[in-house]
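Input: one structure, supplied below.
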Amino acid sequence: MSTIVKPVNQKAWWLILPVILCVAFSAIIPLMTVVNYSVQDIISPDNAVFVGTEWFASIMRDEDLHAALWRQLLFSGAVLCIEIPLGVALALSMPSRSWRASAVLVIVSLSLLIPWNVVGTIWQIFGRTDIGLFGWTLARLGLDYSYVGNPVHAWLTVLLMDVWHWTPLVALLAYAGLQSIPEAYYQAASIDGASKWAVFRYIQLPKMRGVLMIAVLLRFMDSFMIYTEPFVLTGGGPGNSTPFLSQYLTQKAIGQFDMGPAAAFSLIYFLIILMFCFVLYNWMLRVGTRDSGASHD
Amino acid sequence: MTDRSFLPRKRTVFLVLYLVFALVPIYWMVVMSFKTNQGILAEFSLFPREFTLDNYRLILSDPSWYMGYVNSLIYVCMNMVMAIAVALPAAYAFSRYSFLGDKHVFFWLLTNRMTPPAVFLLPFFQLYTTLGLMDTHWAVALAHLLFNVPLAVWILEGFMSGIPREIDETAYIDGYSFPRFFLTIFLPLIKSGVGVAAFFCFMFSWVELLLARTLTSVDAKPIVAIMTRTVSASGMDWATLAAAGTLTIVPGAIVIWFVRHYIAKGFAMGRV
Amino acid sequence: MARIDLQLAHSYARTVRSDADYALLPLDIVFEDGGAYALLGPSGCGKTTMLNIISGLVTPSHGSIRFDGVDRTRATPQERNIAQVFQFPVIYDTMTVGENLAFPLRNRKEPEDRIRERVGRIAEMLDLSGQLDQRAANLAADAKQKISLGRGLVRADVSAVLFDEPLTVIDPHLKWELRRKLKQIHHELGLTLIYVTHDQVEAMTFADQVLVMARGRVVQQGTPEELFERPSHTFVGHFIGSPGMNLLPVEMREDGSMWLDGQRLGRPETHQLPAGPLTLGIRPEYLHLAFGSGPDTVPATVSQVRHVGTGQLLSVRVGGHEAKAYLPADAVPPAEGAVVHLALIGPHTCYYRNEELVA
């Protein structure tokens, strides 16, 4: 954008009012309910005692929670490190015209459209060494692979499954971002004698900054909250292990049918994600500003 | 035309490799759908030993199965239209104007996606029961706005901010009214963003299970909920699930097919 | 700086069946080294196609293009060493102004001190010296266009600078400043400049030679004066000038006299005019009101008088046709409905047959 400052216009609130109504209607009331539950001990539907921050304190002291939290961060980190570059590379190699573009678009998007429990189910069979292609191949290669017995294998399988399932999200966003770059930029770069790498670094990557930020935030959030796919795959983790934070919290809280701690866990979960996203968001904005100088705020 | 292929030969190899990677599990699912349960569990085979269409026959003939697809399609399309319609003006506001609290509201929108939907189950259940909207398509369509609207706003805003303000100003100087400018000039310029936002709204709503299952019982039961029928005390009905899963891909593939012109080869900046 | 020869035609269609398939009908044009040219015409006339063929972004389907005698028909823009400024500013957002300007030279691996010197010179010429360390993305549109231009000029051996309607997104009050800057640069650097526009004011003020294009061909090439005084085609007469040339259908008789709708206009001085129907063209600037009726005047009724900037525009009806005439601002205009007398035949009058100039 070439103008440095956006005009101040409080009337713009009218334009965002529908959005606020939609989301607030869906979000604020339930949120208030959750906060309400989180500070009470609900012994029975009619008997609820106010306990303040007792649930929150006990959660924060929980050692197992800390371990689960680190494992989850590692998972989300791995997801981002693999899916973002892979998605961008995929977007760069997808054709932009003709029937080929349409066919590739459809094939790439297929994995996104499968309900998550079915994804888990497919990989459940897929990973079995007796009847699944993936497991069978690994066994034939001499690897002692078992996602059922070995927590590390389970963790890695979920990672692979996630990469297979969600990289197309990054790719589609990056692809759309690439397609919006006007032809003139490439023409100018050609005239300036820029190398293919320079075109990527100075034109394509900067112009994809917006979509990449969305991709990073989305993938972080969704991978941090991941529940269905690993649950279906492992039925709750090999043995007693619970590699994923969501499983850990679900087991602890809902397994005991206790609304109070459950609500408290939900809030803490939310706050952790919020904090990381906030940090990521501001970091990416600052990096972008230093580079491009045109932040959208 | 300018050749901007990034290492063309390697690019094609990489693309083909990825496409294979993407298709193999899908191939696996499709193969499973043509087997029987015994066939799946008995042995490893790349191709069905006993090829059967029974799974598809079951789904396509039983209304309690195929109505699931219809229901899902209804509320997903409703949601997609509403989300985009509401997100477009908001994204424009965030992109073009600065106003009190704009940065905070923008970030707040995204926070609605930061909670596992399980948190909202009980409150939503109570809310929609009170409103008398339980087991309707409207309930699910509205509930899904929670996570789709922020996503649509974020995506659209990103694309809109890529269009220089001079385009807006030149159009006003040329005498365009705002609606005419928005529809005939602005939207075509951001059509990649609209295409991808629409597809994502479709996709996230289509696959969402928890809310959709909680808010419906009979009339509006979506396919994602019906598919869980395959898990029962007598074991998993893998084959039917695979067939249902394969059929699930079809509407989404059609949607992508329709928006492909929007996503691919965005409008190049031409004469204003 | 180069001399560019075009002997080509271009069609986007696979097979050419008729003239309509051509985006550029067969042409033979020379752009002299160091000249400032404008390609002027309405949308769709082929001017942008021609520009893209010169720059190398489009390869002509027929014929060739030569730079200083060397055939460059299949060469890339980089090989032809041209520079192009687009309709909207194209800059590298992540770089500063200085880095933007240095980019083409860095890609050529020129030594740093040469780059710095060259960038400094061009920046000074474009009044960008104070902003070299600023991020390019933050500047206004006119500054960005200057950067786009600067990237082209920074190469000392650039063969030609091509402009594709570069002032489209510039604020109107800044346009004249950029135009002035372009003329200054042309004067200082002596580069071949080719400028595409649909705005005749831009074309006429910028260029030494204007090529008026319509429907895929160059209708006339000449200096702005030539185009104004003696348009070789009724299209040029009508397109150039605001308002354009008055075009009236007349009849040339055997006896050498000219008639408009049964009224005698006079005897044109030139004797080459063929008998039969012709079109008489006279610019409003040259359409004078006679003091009274005479043998060489024809009556007309005033339909409207309007003040327009530097003068007054008179709309008249003469023999069933509309015409316009300019009066000086201080003249006393006739009233609406009054009858005036026009001297249509004069030294500035042009005569056309089948839209082509005959005299």
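As written, the chain order gives the labels A, B and C, with residue 1 at the start of each chain.
Just so we're on the same page, a contact is a pair of C-beta atoms (placed from the backbone, for glycine too) under 8 Å apart; a residue touches a chain by one contact, two chains touch by 3 or more.
Note that the coordinates shown come from a computational prediction; the quantities given were computed from them, not determined experimentally.
Nearest to the overall CA centre, using the mean of each chain's CA atoms, is chain B. Averaging C-alpha coordinates per chain and comparing to subunit C, the farthest chain turns out to be A. Across B-C and A-B, the chain pair carrying more C-beta contacts is A-B. Rounded to whole angstrom, the centroid-to-centroid distance between subunit A and subunit C, based on C-alpha atoms, equals 56 Å.
Rounded to whole angstrom, the centroid-to-centroid distance between subunit B and subunit C, based on C-alpha atoms, equals 51 Å. We define each chain's centre as the mean of its Cα atoms; on that basis subunit A and subunit B are separated by 15 Å. Multi-chain contact residues of subunit C, defined as those touching 2 or more other chains: 57, 87-88, 141.
Counting partner chains per residue, subunit A shows two or more touched chains at residues 1-3, 182, 184, 187, 190, 207. Contacts with at least two other chains are made by residues 2, 164, 166, 269 of subunit B. Listed in rising order, the residues of subunit C touching subunit A in the complex are 55, 57, 76-78, 82-84, 86-90, 92-95, 103-104, 107-108, 135-141, 144, 148, 151-152.
Note for the complex: subunit C touches subunit B at residues 43, 57, 87-88, 141, 165, 168-169.
Subunit A makes touch with subunit B in their complex at residues 1-3, 5-10, 12-13, 15-16, 18-20, 22-23, 25-27, 29-30, 33-34, 86, 89-90, 92-94, 96-97, 101-102, 104-118, 121-123, 125-126, 130-133, 136, 164, 168-169, 172-173, 175-177, 179-184, 186-187, 190, 196, 199-200, 207, 210-211, 213-214, 217-218, 221, 225, 227-228, 246, 250, 263, 266, 269-270, 273-274, 277-278, 281, 296-297. Interface of subunit B with subunit A (complex): residues 1-2, 4, 6-7, 11-12, 14-15, 18-19, 21-26, 28-29, 32, 40-44, 46, 82, 86-87, 89-90, 92-100, 102-103, 105-107, 109-116, 118-120, 122-124, 126-127, 142-143, 145-146, 149-151, 153-155, 157-159, 161-162, 164-166, 190, 192-193, 195-196, 199-200, 203, 206-207, 209, 223-224, 227-228, 236, 238, 241-242, 244-245, 248-249, 251-253, 256-257, 260, 263-266, 268-269.
Considering their complex, residues 1-4, 182, 184-185, 187-188, 190-195, 198, 202-203, 206-207, 291-294 of subunit A touch subunit C.
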